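Shared chain: chain A. Partners: chain B in the first complex, chain C in the second.
What follows is the complex of A and B.
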């Protein structure tokens, strides 16, 4: 029936609008729900979310060892030439030659934080860090070497 | 007890004592003009800040919080910025109409102040056709908006102005019917009479469900008439950049911006007068003690409190509801609001004739 549908329409519309108003009214009277971060003031207590992509880092363990084999998968995956892997050959005591990294050069000013290098890495040697304060006065400081000096590859990673 | 009535009578007595009647009347006019302009300036600052704060809290944000304590001087800073900006007039625009339009829109707001009762016996002009005057003058604002859209020489402006015309003309009907329900209940068009009729209870309580329906219809219709979201099709940031005031900048833009908030204040003041008893304190039946305590709150505080409550309600709508399309807008008016308000008016007429209201 037409009239019944009409009234149902009106009631439906009004009740759904009231539902929305209840939600926003709840937010209005509950200031603790506010999610604004007052950034420079709360720098000490700022919590970044885990998956925030700020820069590429290479985690090192206590023995100053990393997991990078120097396979250059990240370099190949990078769409804009941000990563350059410089490899060298290490000679083991048995006289066997082994490929290793000399330097993993990361140019932050070219990076778009696309995460493709992290996905490409077969040994999970690199990851994204949540640090976002990258401003420097000299752009050469943005070119970083990710492996720490004197570090070597962890045992058992091929 | 503080009352504005005493101040106005003493000022008038003093003026008529010192000067001849013509001179005294002229000076009273100047005082009223100064008061109206200062009220507009203060309202502009307060309401813009209120809107931004309300919007922020509804959207779980903080809002302006840097300029002054809690961001209190944000709007003052914004106004200073707007004053110092260059007011551009686009090439090939109709310069006369372009410059005139913001003032027409403001003038409508100023004219509407005349019959509003701000406190007990504190009214610029207690005209005996007050409600009729309000509904006829408020429809003039469409001229200012059409003028702005036409004179800008910009297709966005023209489209926005045309939409605004369609919108204001159609929603005026249901706003008028909502106002009429109260006129039917009161039996008078005079604002002071309408307020006086609510001495023993506001119409929203005394008028049963039809009064509540009329109030809802009134709020919806005036939100559309003031071109605010969810009915902001005249501005329509997403499709018409800024609608009729796309080409306006600097102080002329500020006048349009101010006029929007002044119009909100005025429609809310009228809504408060019609449905919530204007400056009349909250009286409940025979609770003599309660009524006596309520009388101690000054009438101006009652009026402003009710008005700002309604303003908050309209802001709450704006930041909650999704926008309408043009066809949905006109559907809502012609297929829903108008039939409902006609039926509602009939119901109220029956109630008024049979004396079912309290």
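What follows is the complex of A and C.
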């Protein structure tokens, strides 16, 4: 009786192991079904989702104009104090004073990519970009000014 | 402290002096995080396990007191990072309950679908990591293959793979991706054709079975007295599924079974999670074709202010009951906030289920509790 159980145990054990090894063996001889992406080598063909939250950017058009009015809604919405809006007063040719941004300082090292600033922005001036390769040698390089030098606000945005 | 001969001696009669105290963690690959277990051993038998916490304490509850009701939701993604979407849902439900915000049906359906996808992804990762703890390295990659499809869906729709922050009070942050339904259906077909591979590789494997069956038994009474929830308690036969007991969103409209096992050992906890993945697929199948058209976010005020009072909501995460308790003074930030996390209560049962067993069985007992350390420490 004991011997019978012992042999049954051995047969069961070996068969269950073979069953598992058949599965792994199947993938061994079907390399086309392997889905591993060789990341640093496939940089050229790597497709990130367009919604991927990698960093905050401010899109500029061909005339180097952006849509940011300097209302600080993003600064207030940010939970981490990532964004700091520095405003100035621009004097238009008619002599009117108008508030505009001097710099939109964005500290990438504090950002958690929660997207709350983009949702809060009333003029869609900032958005999330899918770039995720952020490593730099010096962390001061992670503090960025989002508006390009010499840029100004697009006409018609209040 | 001990020389070689003292360890090899039979220490059963030596009492407290013969005990050997070892530290497992905080940097140990099997604890999946910075969990520190002080294990008191008698030879190879565990006498006592004392978890030491605090290595990843970020005082999230205190942090939330200085964040507004829109901002504090994203922090909860960092607690139980494997079911971050469900954590966010619990917090959003609390704000909606307190302010009586109407949520559009479309948002409710998408929330439930994403919650179930998160649950599957969490169980997949657990399955792979658990098998790896017990020495089987291959299932890890098989489980991650399916999980990768879910993270791709999350990346398309929510914009992130792990800490989504897709739910806002009143609905969703933005509408679902146009390919969402197609991709989820592709995932369901893939999952259904591949789920048998887990049974070949893990469930029916004789080594896995003999390492988990009868190991770390938790009775139903103990599960209740330790406050265990989720798959840990359901493996002991305690019916505790929040989705069934206190249905939120559209869980009362869908058909699914609460998976219950009675053995209460590590293998039962494994089986519960595998079966739960199939139930989640069942829920998604019922909802994915019926997502109603309409708004994805309801009308909310610009500044959210909860009325004065105390509020509590609970949701079922992949690990059990997640509760949010907020005391509001009527301002824009919570006066006091408390998270009831499932991992903390489940961990408290570890000493009970592992004491008396061999140290090799501790891996199976601890692995099947499905501990996520940031969830325990907060």
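Remarks
Methods note: the second predicted complex is superposed on the first by the 122 of 158 C-alpha atoms of A that agree within 3 Å, B and C clash if a C-alpha of one lies under 4 Å from a C-alpha of the other, contacts with A are read in each partner's own complex, and residues count from 1 in each chain.
Throughout what follows, contacts are C-beta pairs under 8 Å (C-beta built on N, C-alpha and C of every residue); 3 or more make two chains touch, one makes a residue touch a chain.
Remember, it's a predicted structure, so these values are computed and weren't measured experimentally.
In the overlay built on the shared chain, the residue A:35 is in contact with chain B and with chain C. Applying the stated contact rule after C-alpha superposition, one finds that A:113 touches chain C and leaves chain B untouched.
Residue contacts after overlaying the shared chain place A:59 against neither chain B nor chain C.
When the shared chain is aligned, chain B and chain C each come close enough to touch A:24.
In the superposition on chain A, contact of A:122 is made with neither chain B nor chain C. Of the two partners chain B and chain C, more residues of chain A are touched by C.
Residues 17, 20, 23-24, 35 of chain A are contacted both by chain B in one complex and by chain C in the other. Contacts from chain C toward chain A in the complex involve residues 67, 70-72, 74-75, 138, 145, 148, 152, 155-160, 163, 165, 168, 173-174, 177, 197, 200-201, 204-207. By the touch criterion given at the top, residues 10, 17, 20-21, 23-25, 27-28, 31, 33-36, 38 of chain A touch chain B in their complex.
Residues 54, 57-62, 65, 316-317, 319-321, 336, 340 of chain B are the ones touching chain A in the complex.
Contact residues on chain A toward chain C in their complex (touch as defined above): 12-13, 16-17, 19-20, 22-24, 35, 48-49, 51-53, 77, 79, 112-116, 119, 128.
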